[in-house]
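Down below are the structures I want you to see.
Across the two complexes that follow, subunit A remains constant while its partner is subunit B and subsequently subunit C.
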Partner chain A sequence: MKPSAFDYERPADLDGLIALTRREDLFVKMLAGGQSLGPMLNLRLVQPDLLVDITAIPELKRVEETADAVILGACVTHADIEDGRVPDATGGALPRVACGIAYRAVRNRGTIGGSLVHADPAADWISCLAAIDAEAMILGPSGRRAIPIDEFMTGVFQVALEPGELVEAVRIPRLSLGARWGFHKISRKTGEMAQAIGAILHDPARDVLRAVIGATESVPIVFSGAAPLFSGSPGSGLAKAFDASAAVRALEDSGITDAVDRQLHLVALKRAIDQAARP
Partner chain B sequence: MKRINITVNGKAVSASVEPRMQLADFLRESLNLTGTHLGCEHGVCGACTLLVDGTPIRSCITLAVACEGARVTTVEGLDEDLIAGELRAAFSREHALQCGYCTPGMLISARDTVMRMPDANERDIRVAMSGNLCRCTGYVGIVRAIQSVITERKAKGLSSPPSPRAEFGPAGSGRARPTAVGAVAAAPAAARAARRPGPAGAADRAPEARRVAEPGVGKPQTTLHESFTVDYPRAKVWAFFGRLGDVATCLPGTSLLGTPTDEHVETRIRIKVGPIVSEFDGAADVVRDASSFSGVIRGSAHDARSRSATRGEIQYVLIEDENGAATRVEVDVGFTLTGPLAQFSRSSIVHDIAWRMTDAFARNLRARLNRGNGSARADSTAGASISEINAAPLILSVIWNRIKTFFRSLLGR
Partner chain C sequence: MSNQGVGACALRKEDDRLLRGRGQFVADLRLAGMMDVAFVRSPLAHAKILGIEIPAEHRGGVFTSEDLTGVKPIRAVSGLPGFKVSVQPALAEGKIRHVGELVAMCVADTRAAAEDIAAAVRLDLKELPAVHDMLQGRAAGAPLLHEAWGDNIFLETNVEIDIAKALDAPIRVTREIRTARQCMAPLEGRGVVAHWDRRLEQLVIYSAAQMPHIVRTGLSECLGLDHGNIRVVSPDVGGGFGYKGILLPEEVALAWLAMRCGHPVRWIEDRREHLTAGANCREHHYVITGYAGRDGRLLGIDCEATVDSGAYSSYPFSACLEAAQVASILPGPYDFPAYRCRTYSVATNKCPILPYRGVARTGVCFALELVLDAIARETGLEPHEVRLRNLVRPEQMPFDNITKKHFDSGDYPEALRRAIAAIDLPAVRARQREGARDGRLIGVGTAVYCEQAAHGTSVYAGWGIPMVPGYEQATARLTPDGGLELRVGVHSHGQSMETTLAQVAHEILGIDFAKINVVHGDTAITPYSTGTWGSRSMVMAGGAVSRACREIARRAAEIGSWLLKTETEVVVRNGKVIGPSGSVTLEEVARIWYLHPQDLPADVNPGGLEATMGYKPARDSGTFSYAAHAAMVAVDPETGGVEILDYVIAEDGGKLVNPMVVDGQIYGGVAQGIGTALYEEMPFDSSGQPLASTLADYLLPGPTEVPAPRIIHMETLSPYTEFGVKGIGEGGAIAPPAAITNAINDALGALGPAEVLQSPATPRRILEAIAKARQRPPAGAAQGSAGERA
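Up next is the complex of A and B:
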């Protein structure tokens, strides 16, 4: 169980990084914390010619606060978020999700950007950040652009990055003080990949009600306007107003027909909603 | 080879390492520090957990070269550490180890738990230690040992040292110096060809003995059902299904190895999912029953690169539709994957990939049937052959829409 041979570089700046990722004669793979890529390399499922370590680039560890958002560099780790070393604008949602990712030894190296780009359906950030309506800030040969997280993942291990592009940072919108959120994942064992994820954000002051059913077989199911999941006004009490029928339809439309699988996802969503409704 | 300079248990170490060498292997093989144990080697069991820049990491999935400038502490380096000493005594007292294989990783994670969670109860400890597996003790002694150290420290009013990390980013990466970019040579052409055999590489390969499809064993892990209708009489569709090579190459990424017969075909199937590229070489045998218009294709294949293998079965039956003007094709796919790809993948991911392949197979089959029958019918949804399943991002909803459009076009609605 040793990786196949590859070359390794650690560029100092973004220009150097982009120059390397544009190499067409090599299979170039970027490395951040390596907590998903490492096992794939050891199992020789991924056999790159060149690994480009992006952790020496200061811009990718940048943390910035604006009036309406917090911007976290791609190389910020789950533990950085869990420990509150980076600012939180989500009323504790992000640190709570971070502390449930894998194990502490993994969280000390695994990064938010790396997790998004790896695009494992069962990972936490892709579902959590889709519920919060975060954006991937992308840098490439033709400049910068941003993609909402719910459009970023396009399939298992596949994202909407063009050749030579990378995720530079994640922009997390600042939630209102009265915002309510819930995140629940079901795993066979603590720290293992999720079998089902439910996530909800209700931020009436910004007119936001979003829900996510994650850890499906492919991209998470995102309800950007989640009102159909509730009968009557969700303001009267999210948990009481939850109506599972719209969620069941969405699960069936996504090809989740197995009754146990469907029930797991419904329970995860229900528990997330219960959590958001708790005083 | 790359030069690294790191500090191991307080001593400066400078060495040349292969980029692919994981930190655990460097410590064990180059420095003879065998206190760090390797278990699963893919970040699950926790046996290799050690400290980098004062925080626990998995040394089996952390490259040595990525730890340039970092401070590494193994279990050998904790002899004088106060908390580790208390834990060692507690582990002995509480029978928190038997064979000792997991113990170095356990001690590192336990020390981190004691330091970070001074108020932890039993449940907190179990959650915090869930990334370290033990096969002997049933964890009771381990949890009790950690609990007792936390309780003692609390009773003595001992506070934990402050968090050792101030900078952001992966532990160990804080002081890494950039390498000089531009020095990367192109990989030797021969090495690249060996690693990524394309169609050209296939031609170079020495002819092998006839591959034999291995029989399926037991219940398949993954089963899928697909049904689609083509507007040709059943006899024509039946004849097409008799041409095994044509049917096989409808599977995306499939090329033929050698000339197929009516009952036997040898293929290479290239599957690319994100950074994973697999090439399965294998063989399939078909048994057809003309009286029921059904067939069973049994096949097995092997990916030499990842040493993964798969075996499976495709059953099909052709049913007359629209008073004989059309034919409904019912396909049942069942297969089992073994080896590293199976070890890594979870069933849902395999299911999604198989689903996408089956869907692409159905569309390619339909396109080829139309071509093969000289059909002038324009069908934008099934006209293009899909050569690789990642050719376009296949989102399930997109596929469903295509299927709906395809049925609408079929039924003229």
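Up next is the complex of A and C:
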């Protein structure tokens, strides 16, 4: 299949971009890495009037380090993160997740911002960044704002962007030295979309214990205070203290009733926790 | 042996262009004025067409069945008694019988513009209840695809041999087994470029086809054109696997369009069309019972097999290609005394089921080998021990089995013993007892198959399909500069025949391999042939090339002995005619024949240095290559994930013309077999909608899922063929589903009587089998499963 006809623009700066995104007379789609949008165009699942390629805008590839965070421009690629071309404040979590996304060819072009905005429940970043409590930094007609990732995705392929808004960058909080994390993805084969994702971050110095059950039918299930997943004190050993019953309840509440699906989600979470607990 | 002749691991001649990206495939053709075609395809599985609404601005660029006057539908009739005929129009007439069926043809400057037009065409359809499953299609009261039939059965067959004697066997195991509908997924899909050559008054069709002469014959029938008015060119083709042996409605429609519109037209199949509208194969259902003694000796096999044939009978192999073969090939390489098999080819509202590497054998191997493992569990014997007690023995060769299949040669038990030794069964069993430290379960599985190849006239005449192979012909031509051109009607699209046929010619004439050119893929310049299918080309075209080269040698020898002024016998060897006291090169012989005929004897053979010769093996019932596969897997009981830890193949393909090429064929076949075993599945919903419309849903194994198989070669010559070669093209794809599933079931044995009986063995099916074995059926788990109806 070939896409239906569309116009194409590649603005060189943010002002030019904002001017284009304000066109209310047109159905405008933004193209970053194009690794999901490309096939969707070919399959005619989306038929925009105007495709705005945002990869020529320097601000969207910007990387900034602060005392408590690393800010990655939306057009930073998975491969940039995998290869360490951008700083890592997560003790290796982000590069590890990045290197498991799809195939290298996809990682060369696919971007962190594009993945978030596409909001495929089975994608890696949405679950990983929710566990790490990152924020989407948004630029729009009325200025800049930031939303936590676990509020950013609102449904399957749906995000909390207002008309004319775009994700400019992602703010990754700096983890403490003693922070432990785990990320486990179950997929049918290498490079395939996830069937289940489990993610956990335990950063006692910052009083953070977060867990995510991802690759569900909808938004990831985020335990922002994950203590209920553990019986007793998680400090005594996460793996031993894991108690599946709260996770089972959360899966049931999310409408995941299929026994096999439920089992895969629990296994993914348990294996992420085991990973975080490993010395 | 020279390093260029039969038996040499010569590097592939075709790789020079293919590896440099210089191949020329249908989609690479650029003809002046060429326009693109997109089809309006049916969105429904079963419907009446009430109307087709073409927007006024697109009239003239859209064609329906009403326009295709004089075009006959595709009819692929089998002569087997009781076969019911389907009529497949190029563009649907009145009724639609599967999702993706062609309804209208749209032409524009680009494919995108043609798709715009296709999207603007409105279909007024009245949906009918669909036959979405073969067993539903067999049931009384099912909706009818072809109303005049009165049921949905293309063909029913029945074989019964002394089954009553087996019924009171001490061991009887019955299993209900299914194989998923699959797609062949060659790297290149189908594609057609068609134009009318006004000078030659010839329809020229470029098609990604593995049987170009058969396409020509089929088009001649559908279009009412003489063969002389049709030329089919099959250029470089990126894998066929059976799918490209079929005359497509798209080919008929584009041929008609090219004749009408005065400019070249093109249709390139996209992956969605490939998956949902074209390339379906493999879907079988078995209820099979094995009868055995307590010693594991098979006493009989009783089977009812159903094949989901899809909506139409495809040209030239027909709708009973699979089911009609099942009954005769199910016994495989095993010797047992009683047999019954009833088969049904069922019409369903799905695309026609087409041949795919290993045609029917992958399914029967899966069914029989799973039952043999079940018998092994009943008897407490090692699975390979049960097989050793039942395999045909070398001293029985040549051997006619219970269905009168004639095995030419081989030592089947030895292949199995070598595979078992290579996988190191005792070590696997020890590892299994210890249990893997990571909680995964280890299992080992085996499967043995035989592959009947290059079966010819006597086999196909009885089947009575539109195509019966006869003598295979090849033309050999010594060129004026001493090179050799070989022209063959088979087509090479991954089989490496540009290399291996040159090796055969080199073996006989000794002409430098680099100067031997194999020409194929053009009906205008190659001898008529049924083409490349049934693992036949090395036996048939290889045999024909050797005969043609021997004739060239004979004629060159006549000229050579004149030039050498000798009356004694001369021989042709190493590119020379060698006499008692001197030699003359074939190059010199050719130079004189073409450029200095004044130097030739007066009574020279006027046929010159070009010869077309035909070949059939001494017996045309087919060669039997075979292999024993052994797989070691690790199964994750928490996720249902499977990793193949080791894979061994002990195979016997007779004389191997190029062992490296044979290894390549086996590797590729095993990769496809792993796809069948673990990943590939085209599911349908109850309205007949195909559910895997992209490669995100239709999973193919990639490099990380395919281990490096270890291959052990045996070379038992066929007594019937040139050099003793046997066809081996399909075998790699036959045994992996059986070997891997047996290995999975062996692993699951640690948890109780858990069995996966459906391919592919997905994580879900494995987890469900585990849950069943633990006697706690997971709530809601049955929903996603198409299997285990029993």
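We take it that the second predicted complex is superposed on the first by the 279 of 279 C-alpha atoms of A that agree within 3 Å, B and C clash if a C-alpha of one lies under 4 Å from a C-alpha of the other, contacts with A are read in each partner's own complex, and residues count from 1 in each chain.
Note that in this section a contact is a pair of C-beta atoms (placed from the backbone, for glycine too) under 8 Å apart; a residue touches a chain by one contact, two chains touch by 3 or more.
Keep in mind it's a predicted model, so treat the numbers as computed, not measured.
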### Task
Tell me which of subunit B and subunit C touches more residues of subunit A.
B
#### Entry: Partner chain(s) touched by A:Ile186 [first = subunit B, second = subunit C, both, neither]
second
### Task
Have a look at where A:Leu264 lands relative to subunit B and subunit C in the superposition and call it first, second, both or neither.
second
### Task
Mind working out whether A:Ala160 is in touch with subunit B, subunit C, both or neither, as first, second, both or neither?
first
### Task
In the overlay, answer first, second, both or neither for which of subunit B and subunit C A:Lys2 touches.
both
### Message
So in the superposed three-chain picture, is A:Arg44 touching just subunit B, just subunit C, both, or none of them (first/second/both/neither)?
### Response
both
### Task
Would you sort A:Ala119 into first (subunit B), second (subunit C), both or neither based on which partner it touches?
first
### Task
Using the touch definition from the top, say if A:Leu26 reaches subunit B (first), subunit C (second), both or neither.
first
### Query
Where does A:Val76 make contact in the superposed view: on subunit B (first), on subunit C (second), on both, or on neither?
first
### Summary
The intersection of the subunit A residues contacting subunit B with those contacting subunit C is 1-5, 39, 43-44, 189-191, 193
### Summary
Per the touch rule, the subunit A residues reaching subunit B in their complex are 1-13, 16, 19-20, 23, 25-27, 29, 31-35, 37-51, 53, 55-57, 60-61, 63, 73, 75-77, 79-80, 83, 85-86, 102-106, 108-111, 118-122, 154-158, 160, 189-191, 193, 215-219, 253-255
### Task
Within their complex, state which residues of subunit C touch subunit A.
110-112, 115-116, 119, 270, 272, 638-641, 679, 694, 696, 699, 701-702, 704-705, 762-764, 767-768, 771, 778-781, 783-784
### Message
Touching residues of subunit B toward subunit A in the complex: what are they?
### Response
2, 18-20, 22, 25, 41-44, 46, 49, 52, 55-58, 60-63, 65-66, 68, 108-109, 112, 116, 126-128, 130-132, 163, 165-173, 176-179, 181-187, 191-192, 195-196, 273-278, 305-307, 340-341, 343-344, 346, 348-349, 351-353, 355-356, 390, 393-397, 400
## Note on the structure
Interface with subunit C, subunit A side, in the complex: residues 1-5, 39, 43-44, 186, 188-193, 195, 257-260, 263-264, 267
